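First chain written, first letter: the chains are A, B and C, and each begins at residue 1.
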């Protein structure tokens, strides 16, 4: 297998696979971050997370059409508007869902799982009715198309770089919010001791709602990014949901750094294996490895502390 | 390393330490319990008393040290294996099975049918019933066998829990504040009960009520900040100035 | 929960079983023509999974979102046997390699893979239908429960396993028939399973097996093991201190649920005539959970009723209002979790039964406790 390529070709192949992996990694990070916030900080499993992502993708689609039809001059900048709107739309829906459903189920994580699955079915059907069952394509602005040549053998797609920068900035943003802002402080206080947090005057209900909303909002932004690597359809959210959960669990719930590390390893493993094996076997092996490691180390590979 | 199978002691704790993120709740603790001894552990709050019991019965994992019960290394065993070895532990807060009747609570603790197939084919035969009734009699709950445990008074729940331990016939019984929250009358009855059951086994009790302690103790160990501060008979400990300063007051 | 009579079948249980038996063995066959009867037979194969889930999830607190894996493994074992029988050299004379299943031929396989060989024996197949899923669930259970992984983590991992198996089956189409599954099954030991008479006969066999499974489930429920499972569900740590190795019990009930699901899968293959990965993955697995939830997660009879009801609704809605069906199913998940956590069985026990008892002038007896049927 390897003997067919020269050393520098192999190097280029690994590098390009590595970059492809990095793009995949960025998407995983964006998807997993939203889920990690919700699961890690609140213990809630949101099976409709993929659908919040797709909402962001659909919003991006709508914005691209809007700009394309009415403001073609500004088209190259539409993406940033789309991301902001995606965040807000998904966040607003998330807050509504938290108010209507999630807040009644905090002590029952398995039931939350089932209820959010029901929500995902409903959302999928709504998307199907509103946008049609077929997938919609989002037109990427010109400056995002094409590739940047790094060396004479290695080329990196521009939209991939964009997604990576996005992932990094949002991760940094979430980190800052979680560990430097008042909101983040309150979330961590509630996580540690809800009763005391209530007693010292933290509005736990509102904080919970905001946390859930922000987690969903991040998913919406992930959906925006997703439009660049995949097509948007009512069931597209289902494709990555298992991967996203595994990334979060593998990274050790409650650890943002763990989530990032886990997203990195899983995405790299998968894209490198994809080169040598068929797509489906690569996926199977990656998932099997993750599940296998989880069976040996259930607290996740990257969790930092384990108290009995 | 000391010989852990010394027959003089039924329980040997040596150098037991547990660290939670750097905080040593129990710090290089050592003590030895003889057969048929009633050892009472006292000390201020936060001294590590409950943690010691947690470590012995397997609820918390020790960071270092040795615990040997009749020669068996408890630190290497699972909670249920420790129970089968003959160590019974009563918790500070009531932990009976609230949804089940008194009878069912005792039946669950009956030392037969602990394996999967044993439990599947377990029959509630006369032997089981007789033993349950016998224990119920001892813990003053003979009239309440069909009552749901949730409806028992606090004191009765404590008795039920003691009964659930008794029915397993442990050689080492560990009781965490058995009379907390009990009325004076209930305390007297509990003291009677404990004096009866102590006769056949070794007991470790954590308590704050000094009158009660004086009633039942063979020896007293005083814990402070995870270490043994003083140890000996009740008088010895009561007159130890360090204990007076830290705990008993002037 | 009131401690009910510890008899294997209380009078109330017996009435419940009798009612279900009457409906399955008398009412349905009388009212339904063979096509519809076969359809209900298919629904009843899902009920095997739902009953297993009552034990695992309702009683034991173990939510498995991957029961389709065991349903599928049982179904595929049976399908492999039937496919080998249907792929006799005479039937497959036109293939490049006669004597092997058609999909293998299409995928340019020239010989039967070694692990297909044993499935030419019916005895081995029956053994494998149970043994393979149970072995699989045993491994998963050992890996998870020994390390005290439960709750949500366990549910997600079962999902991942369902996804893995689905991708594997679809990807390895030469060995498994791929996304279409193993189809065109014809005879069982020469007996044509596609005729109306055969389907009716299989319906009754299915019914009998379902009752056998129900009785086993009832036995487990009423035993000390059943009571222990409930105690472990609610106070796992406390049960350890009563001297029980919790992991073993969880492994047992998980394997039992897998065995039940596998029998259902095999009967599905026999009655419907094929098995495909669309019954193995995440979506069908979680649907099987809703069958148990609707019926009442603590009621084994309720699980059967719930399965029948939800599937009948699915068929009816999908025929007339397909968009409404997904909305309805989603709403059902939410409604069951938020408003009816103990499902139809609780509605029955709390609302309907007391009124019925009052009507039949047994009002002098105290009304039964508001608890779901056991």
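Points to keep in mind about this one:
By definition in this document, a contact is a pair of C-beta atoms (placed from the backbone, for glycine too) under 8 Å apart; a residue touches a chain by one contact, two chains touch by 3 or more.
All values derive from a computational prediction rather than experimental measurement.
For subunit C, the chain with the farthest CA centroid is B. With centres computed from Cα atoms alone, the innermost chain of the structure is C. Taking each chain's centre as the average of its CA atoms, subunit A and subunit C sit 34 Å apart. Between subunit A and subunit B the centroid-to-centroid distance comes to 50 Å (mean Cα coordinates, whole Å). Centroids built from CA atoms put subunit C at 45 Å from subunit B.
Of all the residues in subunit C, the ones that touch subunit A in their complex are 57, 63, 65, 143-144, 147-149, 151-153, 155-157, 159-161, 163-164, 167-168, 170-171, 282, 286, 289-290, 293, 323, 326-327, 329-334, 336-338, 341.
Across the complex, subunit A meets subunit C through its residues 43, 45, 101, 104-105, 108-115, 117-126, 128-129, 238, 242, 245-246, 249, 278, 280-281, 283-284, 287-288, 290-291, 294-296, 298. On the subunit B side of its complex with subunit C, the touching residues are 57, 59, 78-81, 83-84, 89, 91, 95, 97, 99-101, 103-104, 107-109, 111, 113-116, 119-122, 124, 146, 148, 164, 168. Interface of subunit C with subunit B (complex): residues 1-3, 6, 219-220, 223-225, 227-228, 230-231, 234-235, 237-246, 248-249, 252.
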